[in-house]
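What follows is one structure encoded as structure tokens, with my remarks underneath.
Labels for the chains are A, B and C, by order of writing; each one numbers its residues from 1.
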Amino acid sequence: MEPLLNIIGLTMDFGGIRALDSLDLRVRHGEIVALIGPNGAGKTTFFNCLTGIYKPSAGDLLLTPPGKGTRRLNGLKPNKVTQQGLARTFQNIRLFPNMTVLENVMIGRHCRTRAKVLGAIFRNHKTVLEEKEIVRLSLEILEKIGLADMYDEFAKNLPYGAQRRLEIARALATDPFMLLLDEPAAGMNPQETSELDDLITTIRDDGLSILLIEHDMKLVMSLSDYIFVLDYGKKIAEGTPEEIRNNPAVIKAYLGEDIDNA
Amino acid sequence: MISFKDIQKGLLVSLWFVFLTFPLMVIKVNPIERVITWRWQNMGWVALGSFCYYLATKIYKARKLARQQQIKLGLIKERVDWGQRLLSERKIYLPVLIVVGLGFLIFPLVLSTYQTNIMVTALMYVVLGLGLNIVVGVAGLLDLGYVAFYAVGAYSYALLNMHYGLGFWTVLPIGGLLAASFGILLGFPVLRLRGDYLAIVTLGFGEIIRLILENWNSFSHGPSGISNIPRPGFLGLHLSLGHSITYMYYLMILMVLFTIFVVNRLQNSRIGRAWFALREDEIACQAMGIDKTRTKLTAFALGATWAGMVGVIFAAKTTFVNPASFTFLESAIILCIVVLGGMGSIIGVIVAALILILMPEYLRAFSDYRMLVFGAVLVIMMVFRPQGIIANVRRTYKIPDAIKPKLSRK
Amino acid sequence: MDYFVELFFSGLTRGSIYALIALGYTMVYGIIGLINFAHGEIYMIGAFTALITSTVLSIFGFPLPAIVILTLLASAIWASAYGFTVEKLAYQPLRNAPRLSPLISAIGMSMFLQNYVLLAQTSDFLPFPALIPDFDFMEPYAGFIGSSDMVILVTTTVVMLLLTWLIKFTRTGKAMRATAQDRKMAMLVGINVDNIISITFVIGSALAAIGGLLIASHIGQINFYIGFIAGIKAFTAAVLGGIGSIPGAVLGSFILGLTESFATGYVSSDYEDVFAFSLLVLILIFRPAGILGKASIEKV
């Protein structure tokens, strides 16, 4: 079967700097795939290429939604990528700080609803129903994520861990079949991280595939089915958590050249 | 609360301002007759003014800091903004609404035509403010050429009436649509760009429109403008000047109500939410599948529509249009209304429009300083109270009963 | 052909003045990412201070060279003081506010300063004394380039060279470049960012004041409104060249000056300002990064 996401030879240049160098990567249906690597390895750049924020210099981004044909994501605008069913979170949280938790999630429904200006003014039956449905679904997602009791708080007033979870909730509201998480555990305490672990597993069990960037090795090793390792924009290894743990190239990239002499 | 050190620093600040304003405030020269006028008394005013301003900001900041600390320590609760309270409690706002509503209803019956005429102008600015509020306040797009769309509306009535004899009611929607098309035409290339470029391009566009109107004589009759524009008719009756102003007044009241209705509904819709979100974070918005350019364009065009319609009304009210009515100052006044009232706040914009337009009319002494004060208002509001005099009301959503019990806090 | 040469030099003169103002825009934009709408007003205040100083000095009977030097100093000092104060009052408190806030504050400041000068001085056009005499050695070229054009071109060139030296080779210049690239990082390595921003405003304002003095003496009259149009045009020039880039601002200014000069000379002078604005809209549509600017990539 065709993988959901198939990246072939992805290259990204910024001026003279090659941030990503002919990267190949695949995500299959129902998998949790992790993308790891030292700081500056090009992980977030990869997400930005994939979600249309940057235009890749070369390579193919192929997406095969379940039950549909393959399409190329290159050159699509970010909002079109999301419409294809690929939703993301951000490394440095980008919520809508002065909107409530509920509204943040409701924004996620935007691309799956269609009320226009006239609908908004005349508030016809269809619009009213649609609006009700948005509220209902958003609350449902909040409940699943465990934020339902804070639905009326401003996003900026949430504790850090809750903000990260809200980003996931917002992404889920766009009805994705694949979730891209950029360092979801960053800045979380061990308690929050273990809750996150459960949450991601639940999301996968609901039928979504997940691609995540993460530094917390414990989390990565316990969650992932498959891992890709990046260093200086190049893929230096891929495999199951077990294979990656014992890969000498990975150890060298993380701990530096002097490992042999130490 | 004010220490000796603050006073010392305040004196230094006022000394600095005395130095700063010395050539412009104290000296006045007449280069032709070669006479110098020394106005030493101004120096005293500057010193006193800047000293007081410094102390006032000092006290304001100290109090704000103290309150924040107390909130942090849990000593006091965060105060609900008075605007919020006014609008969220039915017991307070219902009687106020009834009294104000009645007041507006009988206004032209008790007061003179002159007063009514001023009020019509104020109401026009209310609508303009609400229109620009969609663009600046809700969607966060700084449009500094709003007056251009106003001019498009006014000239479309003047010209369509002159050449084709079209009436007020026919042109009202046409003017709105024409302005909207101009908005789309200008917005489409520019809205893709960074937000601050929009400010300067709209500013330039406003000037271009004015310059074209001034110079293209065969089209717009140049600086002398177009006169003898008919007032709106009422069932074909011929109205006296007094009556037609009263008629205009009620028409504007209807227009204001219509605008409030539409703007309110827009803000509480899927589109309105997207606008608010766009103001908060564009990249996150796109990642949520919102088409940035299109959503902005909708806001831009809708704002322009309102300016166009008010432009038609303006032409009908004054029965005369010329380019001098459409300078940057107009855009600045409308922007000031939105900022003072509170971005995205409907009530705030209405109150601010009434204050800013009526005050110079009734306080003649103030009218010379009008633009100076408007400029200061923009700066001071941004620095000290960016949410405006009446902050935007938080929208509430009906929670389905089935889910309600689950939401109660443990 | 003479007409062409005349237009060419008048375009260069215009361009020089735009460049002096545009540098202030581009430096401030480079360092805090703000369109300083009040910058045109600083230029106007520079011109007014120059008018007042030179008139007072000439009434007191100072000789011309002393008047020129003192006027130049006074207008640069006061304009810098205004630039410094404007930044402290209207922009510094908004460092971390949403992008829209400092922009609105800047518009407000521009309106305030314009009307402050209007109220403190006058709304009439004031004649500006000719500070630059007609040099004898310029006599043979008087047909297409006047003495004041010459002085403006030379002054602008000298000022540009000084500025380039300051930014490229001094400690302050280095700190400015560092702050422009990454404000947080600059702070971490011990650069006093607030001071650097103040210095940027002071330098930009002084340049604008020199521009104000030169153009006022060239044209021979000023009023409170001259800053507004000059400001927008200089900004156009800065965008044309690539905002944030100093050579770009200079290049853009000369292109704009020449375009305006030829367009008003050969097409029509009624639409003088329309050319500049149309040029601005066109650049933003087709090349928003400007001629020398780099397309910025937003960090996500």
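Please note the rule applied: a residue touches a chain if its C-beta (ideal position, glycine included) is under 8 Å from a C-beta of that chain, and two chains touch if they have at least 3 such contacts.
Only a predicted model underlies this, so the values are computations on that prediction, with no experimental measurement involved.
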- Which chain is most remote from chain B in terms of Cα centres? A
- Query: Chain with the smallest distance from its CA centroid to the overall CA centroid?
  - Reply: B
- In whole angstrom, how far does the Cα centroid of chain B sit from the Cα centroid of chain C? 30
- Query: Roughly how many whole angstrom separate the Cα centroids of chain A and chain C?
  - Reply: 47
- Query: How big is the gap, in whole Å, between where the Cα atoms of chain A centre and where those of chain B centre?
  - Reply: 41
- Message: Quick check: what residues of chain C touch more than one other chain, meaning two or more?
- Response: 298, 300
- Message: Counting only residues that touch at least two other chains, what does the list for chain A look like?
- Response: 53, 90
- Message: Can you list every residue of chain B that touches 2 or more other chains, as numbers and ranges?
- Response: 283
- Item | Complex contact set, residues of chain B against chain A | 262, 265-266, 268-274, 276-277, 280-281, 283-292, 298, 302, 394-395, 397-400, 403, 406-410
- Parts of chain C lying in touch with chain B, wherever the complex brings them together: 33-35, 45, 48-49, 51-53, 55-56, 58-59, 74, 78, 81-82, 85, 89-90, 93-94, 97-105, 107-117, 119-122, 126-129, 228, 232, 235-236, 239, 270-271, 273-274, 276-278, 280-281, 284-285, 288, 298, 300
- Task: Over in the complex, which chain A residues touch chain B? Could you list them?
- Result: 51-53, 77-79, 82-83, 87-88, 90, 94-100, 102-103, 106-108, 110-113, 115-117, 119-121, 123, 127, 130-132, 134-136, 139-140, 143, 148-149, 151, 170-171, 173-174
- Using the touch rule from the top, collect the residues of chain B that touch chain C in their complex. 16-17, 19-21, 23-25, 27-29, 31-32, 34, 36, 42, 136, 140, 142, 144, 189-190, 193-197, 199-201, 203-205, 207-208, 211-212, 215, 279, 283, 328, 332, 335-336, 339, 368-369, 371-372, 374-379, 382-383, 386
